[in-house]
Amino acid sequence: MSFSSFAEFVAMGNHGLYVWSAYGISLAVLILNVVGPLLARRRYLQEEARRLRREESK
Amino acid sequence: MRHSGRDRCVEPMGSPIVTTPFLEAMALACERDWRLLFERLDLALAPGDMLQVVGPNGSGKTSLLRLLAGLMQPTAGEVRLQGRSLRGQRAELARNLLWIGHAAGIKGLLTAEENLAWLCALHRPAGDEAIWQALAAVGLRGFEDVPCHTLSAGQQRRVALARLHLEAPPLWILDEPFTALDKQGVAQLERHLQGHCERGGMVVLTTHHSLAVRPATFRELDLERRAA
Amino acid sequence: MRHSGRDRCVEPMGSPIVTTPFLEAMALACERDWRLLFERLDLALAPGDMLQVVGPNGSGKTSLLRLLAGLMQPTAGEVRLQGRSLRGQRAELARNLLWIGHAAGIKGLLTAEENLAWLCALHRPAGDEAIWQALAAVGLRGFEDVPCHTLSAGQQRRVALARLHLEAPPLWILDEPFTALDKQGVAQLERHLQGHCERGGMVVLTTHHSLAVRPATFRELDLERRAA
Amino acid sequence: MSPVFALLLARESRLLFRRPAELVNPLVFFAIVIALFPLAVGPESQLLQTLSPGLIWVAALLAVLLSLDGLFRSDFEDGSLEQWVVAPQPLPLLVLAKVLAHWLFSGLALVLLAPLLALMLGLPARCLPVLLLSLLLGTPVLSLLGAVGAALIVGLKRGGLLLPLLILPLYIPVLILGSGALQAALQGLPAAGHLLWLASLAVLAVTLLPFAIAAGLTISVGE
Amino acid sequence: MSPVFALLLARESRLLFRRPAELVNPLVFFAIVIALFPLAVGPESQLLQTLSPGLIWVAALLAVLLSLDGLFRSDFEDGSLEQWVVAPQPLPLLVLAKVLAHWLFSGLALVLLAPLLALMLGLPARCLPVLLLSLLLGTPVLSLLGAVGAALIVGLKRGGLLLPLLILPLYIPVLILGSGALQAALQGLPAAGHLLWLASLAVLAVTLLPFAIAAGLTISVGE
Amino acid sequence: MNWTWFHKLGSPKWFYEVSGRWLPWFAVAAALLLGVGLVWGLAFAPPDYQQGNSFRIIYIHVPVAFLAQSCYVLLAVAGLVGLVWRIKLADVALQCAAPIGAWMTFIALVTGAIWGKPTWGTWWVWDARLTSMLILLFLYFGIIALGQAIANRDSAAKACAVLAIVGVVNIPIIKYSVEWWNSLHQPATFTLTEKPAMPVEMWLPMLVMVLGIYCFFAAVLLLRMRLEVLRREARSSWAKSEIKALVGAA
């Protein structure tokens, strides 16, 4: 552990803003990359469900 | 003829006479790139009339239709709407005209339904229900929400022709409406055109095939020339 | 059938058998954007044959012709030329094929003569004399030196069809060759196609009208489907 | 505002969003052209800073202009324009809606991207408000002027570089005012005069040019 | 050289000369873009001279690229490309002839116009040979690379700014080498190294890219 | 040589089954490695003697930059396989990997820019490596835009393949010329290459992060590809029953 306190950890030796924003943006993008395909998959399955229902009712 | 259209002075706002032709062409001439396609062409269209323009390739059928729809200006002569020259009454013509040219204004990226909704909105908006019925009437049930560019040539034409099944203006000008339609589609459209005329509408169209079903008022205009 | 094409092993360079079809389609399937147009389609074409592909709008006629001409790849199955898969013998097919699609490769800025000269040069160059004769044969005498974009729709098609009157490869694949032709043009083309088959050529074509003149070997292929 | 105006706006937006790639193309073009310059003139930051006002404006101008090339093309080819001309709605109104939709989604995005590129070229942050404002006032003028040209050439088979030829000379006042404003800001001078001029150009363009565009379209359709 | 090659060259030249306006469009675009810069960055001659190598190259690059947008479009639409694909002639050869014709009449003209514009920007006359030579070696590469993009997007209804997006990043080596050569000449340094590199790029492009273009066309036609 | 395994690899059904089994492993590995690497790098690794703590950005910047570059090579390889052997799965891979690569490039640029501010005092300089990374982003954009612009799936994939191959041939040329460009004009003010020899406790977490980000990439790629394969095969019997099962479960 190279920090002695949590506050020090957050401050990152005065570079906290840079470090945390870099990591924040990166993580956000990574999460977006996971959530995007998952959402697309759900949307696709919903579409298919609707189509199947339509075909059955025909 | 009693009305004064014939002698080229604009009729004052007099009482409309029942026999006044709705649309008239007087001594029309059309020239494209130096070549005279036709001249001194007269025609008159009254409610209930159906006119088929025929002629060999390159005789000027499309050009004539565009003149009548106000899309092109004639080289000589003029087109009259209800006895008055077309010049000043673009808006009046627009309210009464349904024009479908070679290309029918269908956007490939939009679905059949969206396309129709917009084309109707240009004249008067139509409800979803009416649009779906019109699409069903031209045999496109099940294709309502497919982007039009994935439809075949004939199917795209059917989307455009569905406009004829929505509440439509009296005068229809159609350039080769039958192209790309299969036999059943052709027969159906012929019947629909006949019905429109019988309800007092007017149709001007070109096509190379001879119609099997025609209203009583059917006439042909032959632009026969030595072309091609 | 004696030749081994049927059981999917490539025939060695053995002596060609007279009954080998020139062009074959085996278990062909075609899919466009999710929708299956046809599958398990077999056909065989021997010298002298004429095949008209029919079907309602959107049934896949154009797509089938493009598959046969090697312009598209089938989803499944294969096309064979003289018993061997098309894959490796693009050049061989090219030497034997005359393809005229919806758009026929006519440049609007060039004259009819220049257009023909180039299209012939792509296969084997033709002399001026022959080209003029071909243009006369399709009724374009007097239009040889006019830029094609000033010709009407039907006249442009005639320019393309003039290729059929020049020394031409045996297999013709024509997509809606009759569109935009007037009646006299249609009749003339029908006779010409018949003549080609009688001289041992082959024709595959689509059209929505039924041919009045047909060779004895005429067959129809119906892609009937529930489309449109 | 008439309902067709809103309807057309909605329709055009939908069309644009069906092809998102086309939407961002002008943006990426803008960015690439700006990125080409350091590669071509060298990376010295002082030179790039001096250059940046002019460079940003020229790039914006080219991006807007070239994205307009096809503005009416597909409408012409599929017959939509014919339908507009024979419709009872006033053509200038339809045209205005169409250009507005185009500007909203490509011009505006370009305005928003510009500060980032400006920073990369070393433009000091205090110039950014002037940059934003000048682009905000200038790009609608560019769009409308370009649309006039696009309407005139829509019937031609191969436009090629005809549109730039017709329209770039007309863009010069906007270019001078826009880059002038920015240059003034860079040197710490007031830029209000330039911006006022740009604003009045914008008002003029919005009121008059739709009629010119409509006239151009009627000519092209009637050919 | 096969006879179709010569025939196609003749045919393409004839087509280009039937529309002389299209032939000069890239030239005028080139000139206008260069002329915009003094308007946008101000008329100081020192700045313009420093700028000129890069500016000339960027303008040439944009002019070539944008003139290529429609290279195969009309051939695609009127069915000529289908005929090429089903013809017994090798497609890469036909493609090479077509690009060569285009380059001969627009690329070459641009090379010849460049010295004039360079002088107007204040480039000293001793740099002109390097300018000419670098453009002469560079523009064919630009044409061929652009043709790859044009072949890939030919089937699309509205290209918009797609072509620049695809191709401009690939132009960067030519841009760097070309403007680098010129900059070296401007500073009195030898430019032979740059020019040799450009020459080898040109050789590579002429031998390899026709195949990529042919592949792109086959894909577009087979759609 | 027996090529059957190769074509089996191209079979969508086989792929769908196998990828279904692999996906959870990659996902778990990515989560573990990234978690460990992050905590290690952010909290435990010693600070840099020159840059202090801002250097910790390296643990996201470098792995992502690596991935961004290798992903483009993957695109070209997939394109080649798709074009030469006509394996549709390669087409799917190409189109699914492109957006991921673009995002990775974006992260590398953003983290680099943020890092530049405390170390160089500016967000951006026209340095060779930075510039070529920007160009890489544009290359990705080109492939994505081309893929979206072409409506027909098969043609879109083939067109992207051609572009990716032409692009990858150009990448060394671009890289080389950009470096030359920069060194010719003026010596670069800042260089990334002259790194201090890193002590082990600094680069070990980096190694963990690199592995983690590659696992992450594999997981996301499989996720995207599985959906795409399902879409493309929607009419085949196995996909139909799969979709029915999935829909029923939802």
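Think of it as A, B, C, D, E and F in the order they're written, each chain with its own count starting at 1.
Operating definition for what follows: a contact is a pair of C-beta atoms (placed from the backbone, for glycine too) under 8 Å apart; a residue touches a chain by one contact, two chains touch by 3 or more.
Worth saying up front: this structure is predicted, and the values here are computed from it rather than measured.
Asker: Which interface, named by its two chains, has the most contact pairs?
Answerer: By number of C-beta pairs in contact, the leading chain pair is D-E.
Asker: Among all chains, whose Cα centre is located farthest from the one for chain C?
Answerer: Computed centres place A farthest from chain C.
Asker: Which chain is most remote from chain F in terms of Cα centres?
Answerer: Taking each chain's C-alpha mean as its centre, the farthest from chain F is B.
Asker: Once chain D is fitted to chain E on CA atoms, what angle does the rotation have, in steps of 5 degrees?
Answerer: Resulting rotation angle: about 180 degrees.
Asker: When the centre of a chain is set as the mean of its C-alpha atoms, what distance in Å lies between chain B and chain E?
Answerer: Chain centres of chain B and chain E, defined by C-alpha means, are spaced 47 Å apart.
Asker: Distance from the CA centroid of chain A to that of chain B, rounded to the nearest Å?
Answerer: Whole-Å distance between the two chain centres: 56.
Asker: State, to the nearest whole Å, the distance from the C-alpha centre of chain E to the C-alpha centre of chain F.
Answerer: Centre separation, chain E to chain F: 32 Å.
Asker: How many angstrom lie between the CA centroids of chain D and chain E, rounded to a whole number?
Answerer: 25
Asker: Two or more other chains touching the same residue: where does that happen in chain B?
Answerer: 108, 150
Asker: At least two partner chains per residue is the criterion; list those residues in chain E.
Answerer: If we look for residues of chain E contacting two or more partner chains, we find 19, 74, 157, 162, 165, 168-169, 172, 176, 183, 222-223.
Asker: At least two other chains touched by the same residue of chain A: list those residues.
Answerer: Answer for chain A, listing residues that touch two or more other chains: there are none.
Asker: In their shared complex, at which residues does chain E touch chain F?
Answerer: Residue list for chain E touching chain F: 145, 148-149, 152-153, 155-156, 162, 165-170, 172-173, 176-177, 180, 183-184, 197, 201, 208-209, 212, 215-216, 219-220, 222-223.
Asker: Could you please specify the touching residues of chain C with respect to chain E in the complex?
Answerer: On the chain C side, the touching residues are 66, 69-73, 91, 93-95, 97, 99, 101-110, 114, 118-119, 121-123, 125, 147.
Asker: Residue numbers of chain F touching chain E in their complex, please.
Answerer: Interface residues on the chain F side: 83, 135, 138-139, 141-142, 145-146, 149-150, 152, 155, 158-159, 162-163, 165-167, 169-170, 173-174, 176-178, 180-181, 184-185.
Asker: Hey, which residues of chain E end up touching chain C in the complex?
Answerer: The contact residues of chain E facing chain C are 3-4, 7-8, 11, 14-15, 18-19, 74, 77-80, 82-89, 221-223.
Asker: Show which residues of chain C lie in contact with chain B when the two form their complex.
Answerer: Within the complex, chain C touches chain B at residues 32-33, 55-59, 62, 139-140, 150-155, 157-158, 179-185, 208-209, 227-228.
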